[in-house]
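Supplied in structure tokens, the structure appears directly below.
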Amino acid sequence: MAIKRVGIMTGGGDCPGLNPVIRAAVMTGIRQYGWEILGIEDAFCGLIDLDYSSPHGNRWLTERDVRDIHVKGGTILGTSNKSDPFNYAVERGGEMVEVDVFDKVKANFDTLGLDALISIGGDGSMRIAQQCIDRGMTNIVGVPKTIDNDLGATDYTFGFDTAVQVATDAIDRLRDTAESHDRVMLVEVMGRDAGFIALQAGLAGGAHAILLPEINYRVEAIADMVRERREAGMPFSIVVVSEGTKPAGGEVSTLGPREAGAMIKLFGAGQKVAAALSEHIELDCRVTVLGHIQRGGTPSNFDRVLGTRFGEAAAHLIAKGEFGQMVALRGLDIVPVSLKDAVGTEKRVDPDGQMVRTGRSMGVCFG
Amino acid sequence: MAIKRVGIMTGGGDCPGLNPVIRAAVMTGIRQYGWEILGIEDAFCGLIDLDYSSPHGNRWLTERDVRDIHVKGGTILGTSNKSDPFNYAVERGGEMVEVDVFDKVKANFDTLGLDALISIGGDGSMRIAQQCIDRGMTNIVGVPKTIDNDLGATDYTFGFDTAVQVATDAIDRLRDTAESHDRVMLVEVMGRDAGFIALQAGLAGGAHAILLPEINYRVEAIADMVRERREAGMPFSIVVVSEGTKPAGGEVSTLGPREAGAMIKLFGAGQKVAAALSEHIELDCRVTVLGHIQRGGTPSNFDRVLGTRFGEAAAHLIAKGEFGQMVALRGLDIVPVSLKDAVGTEKRVDPDGQMVRTGRSMGVCFG
Amino acid sequence: MAIKRVGIMTGGGDCPGLNPVIRAAVMTGIRQYGWEILGIEDAFCGLIDLDYSSPHGNRWLTERDVRDIHVKGGTILGTSNKSDPFNYAVERGGEMVEVDVFDKVKANFDTLGLDALISIGGDGSMRIAQQCIDRGMTNIVGVPKTIDNDLGATDYTFGFDTAVQVATDAIDRLRDTAESHDRVMLVEVMGRDAGFIALQAGLAGGAHAILLPEINYRVEAIADMVRERREAGMPFSIVVVSEGTKPAGGEVSTLGPREAGAMIKLFGAGQKVAAALSEHIELDCRVTVLGHIQRGGTPSNFDRVLGTRFGEAAAHLIAKGEFGQMVALRGLDIVPVSLKDAVGTEKRVDPDGQMVRTGRSMGVCFG
Amino acid sequence: MAIKRVGIMTGGGDCPGLNPVIRAAVMTGIRQYGWEILGIEDAFCGLIDLDYSSPHGNRWLTERDVRDIHVKGGTILGTSNKSDPFNYAVERGGEMVEVDVFDKVKANFDTLGLDALISIGGDGSMRIAQQCIDRGMTNIVGVPKTIDNDLGATDYTFGFDTAVQVATDAIDRLRDTAESHDRVMLVEVMGRDAGFIALQAGLAGGAHAILLPEINYRVEAIADMVRERREAGMPFSIVVVSEGTKPAGGEVSTLGPREAGAMIKLFGAGQKVAAALSEHIELDCRVTVLGHIQRGGTPSNFDRVLGTRFGEAAAHLIAKGEFGQMVALRGLDIVPVSLKDAVGTEKRVDPDGQMVRTGRSMGVCFG
């Protein structure tokens, strides 16, 4: 079957490097293969409803449309976390219910005359892509995206390096203030289930403690580290906190239950660690939550090149009819891996691995 | 009186540009005048107690000590918010009480053989300097420091430009995510009483709303702006929020009183605006609190040069015996202004001034 | 006369901050006054020839056209150094001759139905604007642009701060290498006639020598400084060189006349200083010429806000019929100044001024 | 044999990431093994002459000495290209001759009581290390360093990512100017024999041509690309030039032989390509030579972490007595490789490899 029309979409949270993927796939598709390429708006939203438009709607992409977009964060196609065609939220009788709208997606795919689809997204998007294949919409190729770098099937995902650089720059800034004021500065970074951002940024920034989702922390250990540093003439410390880290004994609070309830709901990991730590040490503790600035901005050279290589490789897979594959980085090479195998291969920081060992050798407290 | 020994100290919150001031004063003092210069630790702490040491203690500064420190944020002398010699907190009978320890400061000043003092700090530090002069420790010259740029006696203070650049970079990053996800991104920046950081960063970043301490906001106005933008095909907005901004009718909450109590205590202005705004619009609201990353990091060229010019000018004032003065920037020139006149000349954003008018011309909502 | 249609153009070398000017003028014109605004391509090229198109040609600008352009360097309107309507180069009989095409410009201005023109450019562009006024095309308002900051009529021009920041960042990088290798690193920055970039970046970067067009250098003085630093245990130095700096005794060379001829033509100031210096010292000299990277890239917050304020103010001047004016920054205020007065008011570094004195106090060698 | 005293040195050109290696090796050595660690000045200079001191001389390193040095480019130990103990230049009878001073090195090594040596450097340094081993100074472990990333034994070397990021940032800046002025901007980057920096930065920056040492260029091909882009409405192009690239037919010049001789000596690859290209196209060509700013500055997070991991791993190899090894990155792991095998394994850009193919798919001209 000759490919003529290819759709491309981005799903899940945005990530620096998405636009380089889109640009590379579009340029390769047009220049190498003469395809028409449809940019589908807000992940599956543009396939569930062909009239969907927020703010653009689906559109045919030309080389001009993707010119210079590789320097921009975000995604020109928009993205959505609420476009799973197998569990699509609609209002019925005044209530929101989740329904299966895959048949509509498949019909629209055919209506648009699409021969294949490039789906760029996280583990959830890859799972949906595989489900589409299983249900007969087979001509799909995946491009992995996770800012947390927690996908086992690829060495790195784009966005991670940029996020870590933002966090590293922030740690460099906080160190100045920590030293000037004799403070403990806590910086909360992204990472609900995997602590790679915290670990990489913590090592790069020379943090004195790094708290990961993979290692439950004991606040006493952190307090000991802070105290030892103080006694050694360094009355300041930097603590990097993954948003998903948890204390060893479960979450407790010295506040009354009512306030505590509010706190536990409202506070993130950074504030919780700070509150607990404050009870053990005399130094001032301050928390910075980096939040969404880790997700945006111009991608680093690493993320631009990785995104470009992924996008180009995805186009070639389509051209060769190698569907059901996902592109991945292994060592220095881009390789295809089966979507089926890739889905669900979550990667976690190994508490006994090289990187954590390096941290321990440097005196980093992991809680 | 020939000056031979000069003390230098930094007070209040740290700020990019303090080290360039120290470097310039030390190099000018040593090279031009052959002084011995004592770096006093943690503002007046090092004068209140000559044995004070956290982590360094007072020390004589050489050219080598200040080599290349101009590229570093923070202050090599440390700083403290708790060193007011006229209201110094000490423990007496198990309670903290504030006492006047100025006589001790003056005695220590003489013991150290100091002929003059360069005091770098904010409005509070300048007030204390003036009090010292009034009480007979006359040989003081001030260097103004406020990251908020809210001192009327000088056009600009160092640190402000760096803080604004950090905030502008953050807005640039958040815009990508806002566009990709159709979100309202709120970014809380420093500024309890003066909104200059929010105004400058908001204009630089192309924010769609800027909320200042000087203009009470109505959440309905922001919601209208967001809605209009959405209807014009731009379902995303950036709102810059000064930490000191307040709603027009005072703070209310739709939550029950208990939770509200916790919220009002725990939440900053950004989260409060987001909570209120969420009740008026359907788009997702996300808050980023920049916090301390605005205070640290290598100073911008503007702040390095301004700090350098301030430090050099302060040394010359000392040499000329022009005590009781503070250095200030007026247009392109560094000029001395009387400390007495400078203290308390708070500067605020003028709601009818040029900068706010420029914002309004660009369609910025000020609430 | 009611203004309905306004043209806008950018002339001379590009400069970070042009796009903020365009954006602010367009948004103010459309939102506040309901104008139609024509973007004129490549300065007067688009008025000399209405069919001119490289690559875009003239176009009516909407709010959408200027959305988010404030983060981009360069100018969306293009620019040209060869569009002086009073000396326009055309081919005649196989030779290039300069002719006066102003009548054509005026006729085209009328054909387009333009009521007024915003001309953004350097001293040359302001001079041309004044000539246009003198010849009867009166409704012009100027916006000053010079990356060198060498216009006397305004405290600062946009682009300067960004260029200085690029140069300062480069100096920070070169210092690392200089220290590691015991080298003299020379960095050549922009500034043919005025040395403000070199002076500001040199002070910000802590350079050990700063060579300006305004002060002829003696290479022996630089060699002495390098030697003194070496003897003091600092066998490395940073020298910032304005491209327009010259040696005190005129340019000489120890090379044979033939090679020297080529060198003088091919070499810039940085290489010439390095060649001369190498004959006096034993340390390795390396030159970096920053060149065009000083002109591009996202503008700093200062330049974005200054450009925005200039563009908005220019639109208001047009609306009020205050033609023949140029906007300018004086202290904290944007003010109009007469174009006639502004033209030719070149600003130069004052060798006896505060900034040079500050450098000398810090031990900087000015040659 | 129990290790007690370890020397550490850095050789060859400096590179962002050297200080993280030193810091990690020192901290691991002191904290994990209780070693005394001698910082040896300027590579072998400090071992050839124990009185060598420029500017520091050898010194015992404490944790305090390496505190926060990971954020700094360069090397706190200094480096030298002229310290090969097997070919050491000395003056004899008024002439410089190269002599073998290894015996002195070995004697000094013993005098200092050193049990082992960590040698950080490029291929040349690794070769020297192997020679030392062959001559009986066996207890050496190597850490590879090459900013060009041209060592076959490791996937990446530190410094490369930072250098590429500097080049990518420069390309981003140059694009603005290129577009505004309808120009061809050429940017010369490091890479005498290997074009990895040009290739990675060119792909990251979206360059339209990338000229590598590994592919001889035909200037006509570049001119065709520029012309095609111009005809497609994009009268500007970015060309990234490795310093080591060469034209397909050898170097020729249209200048007379005398001038040409000077030019070929004085000009770098960027200027040569620009000169040749100017004869084929009408657009203005401008060259920027990035030079040493690629070598300095704070290392990227990638380079800091890679340096840290290398330094820590080297210390562990020493502790385990695994001498004659070099640390290397393979995929995600740090592994030891035999120095003997590692030396001389030069890596080059594969003209038929994935990365070049990706460029071609994107329409990049490789000359």
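By letter and in written order, the chains are A, B, C and D; residue numbering begins at 1 in each of them.
What we mean here is this: contacts are C-beta pairs under 8 Å (C-beta built on N, C-alpha and C of every residue); 3 or more make two chains touch, one makes a residue touch a chain.
Predicted, not measured: the structure shown is a model, and the values here were computed from it.
**Student:** Can you list every chain in contact with both subunit B and subunit C?
**Tutor:** Output, common partners of subunit B and subunit C: nil, no chain qualifies.
**Student:** Sort the other chains by how far their Cα centres are from that of subunit C and give me the top one.
**Tutor:** Between subunit C and the rest, the longest centre separation is with A.
**Student:** Measuring centre to centre with CA averages, how many angstrom lie between subunit B and subunit D?
**Tutor:** Here subunit B and subunit D have centroids separated by 41 Å.
**Student:** For subunit A versus subunit D, what separation do you get between their C-alpha means, in angstrom?
**Tutor:** Computed from C-alpha means, the inter-chain centre distance equals 32 Å.
**Student:** Would you kindly tell me how far, in whole Å, the mean C-alpha position of subunit B lies from that of subunit A?
**Tutor:** 34
**Student:** Going by the touch rule set out above, which residues of subunit B reach two or more other chains?
**Tutor:** Residue numbers touching two or more other chains: 172, 175, 234.
**Student:** Please output the residues of subunit A touching subunit D within their complex, sorted ascending.
**Tutor:** 23-24, 27-28, 31-32, 67-68, 70-71, 155, 161, 164-165, 167-168, 172, 175, 200-201, 203-206, 234, 298, 300-302, 304-305, 308-309, 312-313, 315-316, 330-334, 354-355, 357-358, 361-363
**Student:** Could you please specify the touching residues of subunit D with respect to subunit C in the complex?
**Tutor:** Residues of subunit D touching subunit C: 10, 13-14, 16, 18, 42, 54-55, 72-75, 78-80, 166, 169-170, 172-177, 179-182, 185, 233-235, 258-259, 262-263, 266-267, 286-293, 295-297.
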